[in-house]
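Here it is, the structure in full.
Labels A, B and C are assigned to the chains in the order they are written; within every chain, residues are numbered from 1.
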Amino acid sequence: MILLQLLINGLVTGCALGVVAISFSLVYSTIKIFHVAHAGVYTLAGYIAWSLSTRGVPSLLAFAGAIAFCALVGAGIQQFLYRQLERRRASHLVVLIASLGMLAVIQNLIAGIYTPNILQFQIGWSQTTLRVAGVLLSYTQLLTVAMGIAAYLGMMFFAHRTALGKRIRAVASNPFLADITRLEPKRVYVIVIAIASAVVALPGVLVPLDFGLQPYSGVNALLTATIAMIAGGIGSISGAFFLAIGIAVVQNLSLLVIPGEWSIGVTFFIFVIFMLFRPTGLFTAR
Amino acid sequence: MSAYLAVSGVNKSFGGLQALHDTNFEITKGKITCLVGPNGAGKTTIFNVITGFLPPDTGGVTFQGRSLDGLTRQQIVHQGIARTFQNLRLFIDLTALDNVLAAIPGQAGETPWGAIFRPFHTAAVQTRMREQAREILDHVGLADRANDYVRNLSYGEQKLLCVARVLATGAELLLLDEPASGMSAGALDNIMALMRRLQTEGKTLLVVEHNTRVVQRIADEVLFLHQGHLMAQGTADEITSDPELAKIYFGGAI
Amino acid sequence: MDFWYTYIVLAEIYVLLGLSTNLLVGIVGIFSVSQAAVFGVGAYIVAAATMNDTLSFVPALLIASACGLALNVLVTLPSLRVSGDYFVVTSFGIQLLATAIFTNWTEGTGGANGLPGIPPPDIFGLAVTETRQFLVLSSVLLSLGCLAFWLAMRAPYGRLLRAIREDELAVAAAGKNILFAKVSAAALAGAFAGSAGGLYGSFLSFVDPSSFDLDASILLLTMVVVGGARTLTGSIIGPFVLLALPQLLALVDIPTTIAAASRQLIYGVLLIAFMLFRPQGLAGEKL
């Protein structure tokens, strides 16, 4: 029974990480920036939701507020940081360092305002549990799975079926051509980061309902997400999503034999295996 | 006698585009061979295949009777084949001299331990190497520009520096990708004279060139490439006087 | 006076680390946030070896340096073979993994409590107990480090690395082995970081995971960025400036609970500001 419970927990965590992975992948494959600060936006979402809900805002409204706020922060990072760096013809490395600086700023602003200690949400329904076939499931977990599947399907639909999604894919495949046509990559980039930030805010508010809020937790999530993106094949939405689930399941099942504090080792081990044997990933986009 | 360099049955495609289609040709030692053809004929792709920058899908290249299959770019340079790039790819934040030095093989102090534990030996060898690099620069006519940064050189000088850099590798077969394009008339004479000089010194040249007058003046042999396939081979006069080829080349504009 | 000596010794240790980070980030141009992990490995090795008298300081420091070298080669070799951004992931992964090991492997590292009571170094029977003496030791080692860095950079090796940073394909066309050049730079960086770690532990006589976490790696990167990439002067200036910062912050009344966060916040702001307005740092070359 514990096996089944761990499997379910893995699937739930995987859905959350999968959404982090597809949102990161959207930025990476379009703007070609290794957007490390994404981890900060992810963490920020939970804290904003927490602030709103402790001030009496109904929980769903608080979530929506956090999502909107994150979209704004993301757009701001593109407009006032990445865009400015591009104007200065900054190298890839410089952008990466600036992004890391932004991550440090966001995380430590949070730690300064909310203290580095763990915070818990006080939302009644989130801890209500159901027992299905001997497995405990909280409303939060159910919501996380629903959100994960919805975000995945939404992203697939968005990328392949909508005009904006097609435009983004065109810009991603050839920014130079897009620049001289009327696709306006500069504006597309802002929209892309805003969307990715809103999407990453979804797991950003749901995961802390169960696990609590910590200012520095985003980096771990981002690491797993980027590993999933690479292992899934860069540019593949499905690859990133399903590999994230796979990794989270393996991570949870490994709890049977390896204590939880080593789970980072398990994740990293998976990455090394992929790097040695299939560096282009499973679902390589052609 | 086997050919100096032989390209045989090479196919290479990118996605749906067939860049090279069963390409076969041979070049002779000590000659200047020009590779001509319309844009997209696969000339640069041939260079990339010969120098190991792209693996061919099928077929292969032999150099002095030895197959180059599976050799790394580095090993191919050591076999004696070096190339330039159409977009130059010089190190613009280094001086002209350092650009040449960076291509000289087998220098002491090219590993951290050599540099740190044998500093005097490294310095002594460097003095010699610097002399050698100066001679190469002098050879291409850039002696007085040795200590200038590449970004301060004119386009023509940069092109000469590219030739200096392949010479520095010590290669016998030089693959020059459009060495004369975009040059003024005076600079053009300069680079043509240089190519002739290299030939008399025993180098073999394979040159991608668009300018038919340059081809007529320097080529001992011309290879005409069209849609990744060798269409014709002959002297410059034979190729340029063929109306069929001219039609392909100029798109029937004459 | 001891206060100043301590400041200088620590800054010197960080200059060694700064040289290491500068080699990787500034000269080879690969992003690394795992140099603190290598630093930590060096520190724990020397701590463990000298604490139970397995080895004396000098061989322990050599082993620490060799382990740093090996670790960096192991880390860079597979990821550089593939592509640049894989190394970002590797680097984050190694750093988080190292933190997990430092914190959770209680028998080896003392866990979160760290290892107290690391004996002072003895150099062939000569005990280095006072800060003043340690200053001599760290200055000598730093001078050796700077000399090695300077020699490597002025030799053909330094030119090769510069050329690689400018245009890898052109270097490959010249018949040079790019992977070897990059990995050997990482090896050199690892040896520097490993020995800096050994010095650090012996100097403070105490190590704990907080000195070697991701935040420490960010601090290192900030030192290189502020000092300036690719120059010896830049690597020396950065640590002296950045280590003075906590002292300045102590003058401002910040509650201790958020002191660490405010420091890291400033590092983040510095990283962004320098990348935007002065990518060459105070005394370096443009990144």
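Assume contacts are C-beta pairs under 8 Å (C-beta built on N, C-alpha and C of every residue); 3 or more make two chains touch, one makes a residue touch a chain.
Just so you know, these numbers come straight off a predicted model, no measurement behind them.
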Task = Indicate the lowest number of steps between chain A and chain B, counting one step per move to a touching chain.
result = 2
Message = Between A-C and B-C, which chain pair shares more contacting C-beta pairs?
response = A-C
Key: Chain whose Cα mean lies nearest the overall Cα mean   = C
Remark   = Of all chains, the one whose CA centroid lies most distant from that of chain B is A
Query = In whole angstrom, how far does the Cα centroid of chain A sit from the Cα centroid of chain B?
reply = 48
Whole-Å gap separating chain A and chain C, where each centre is the average of the chain's CA atoms = 30
Key: Distance from the mean Cα position of chain C to that of chain B, given in whole angstrom   = 43
Touching residues on chain C, where the partner in the complex is chain B = 148, 151-152, 154-160, 162-163, 166-167, 169-177, 180, 184-185, 187-188
Remark   = The chain B residues in contact with chain C across the complex are 51, 53, 73-74, 76-78, 82-83, 85, 89-94, 98, 101-103, 105, 107-112, 114-116, 119, 122, 126, 129, 165, 168-169
Remark   = In their shared complex, chain A is touched by residues of chain C numbered 25, 29-31, 33, 78-79, 81-82, 84-86, 88-90, 92-94, 96-97, 100, 103-104, 214-215, 218, 221, 225, 257-258, 260-262, 264-265, 267-272, 275-276, 279, 287
Message = Going by the contact rule set out above, which residues of chain A touch chain C in the complex?
response = 34, 36, 81, 84-85, 88, 90-98, 100-105, 107-109, 111-112, 115-116, 215-216, 219-220, 222-223, 226-227, 230, 259, 261-262, 264-265, 267-268, 271-272, 275-276, 279
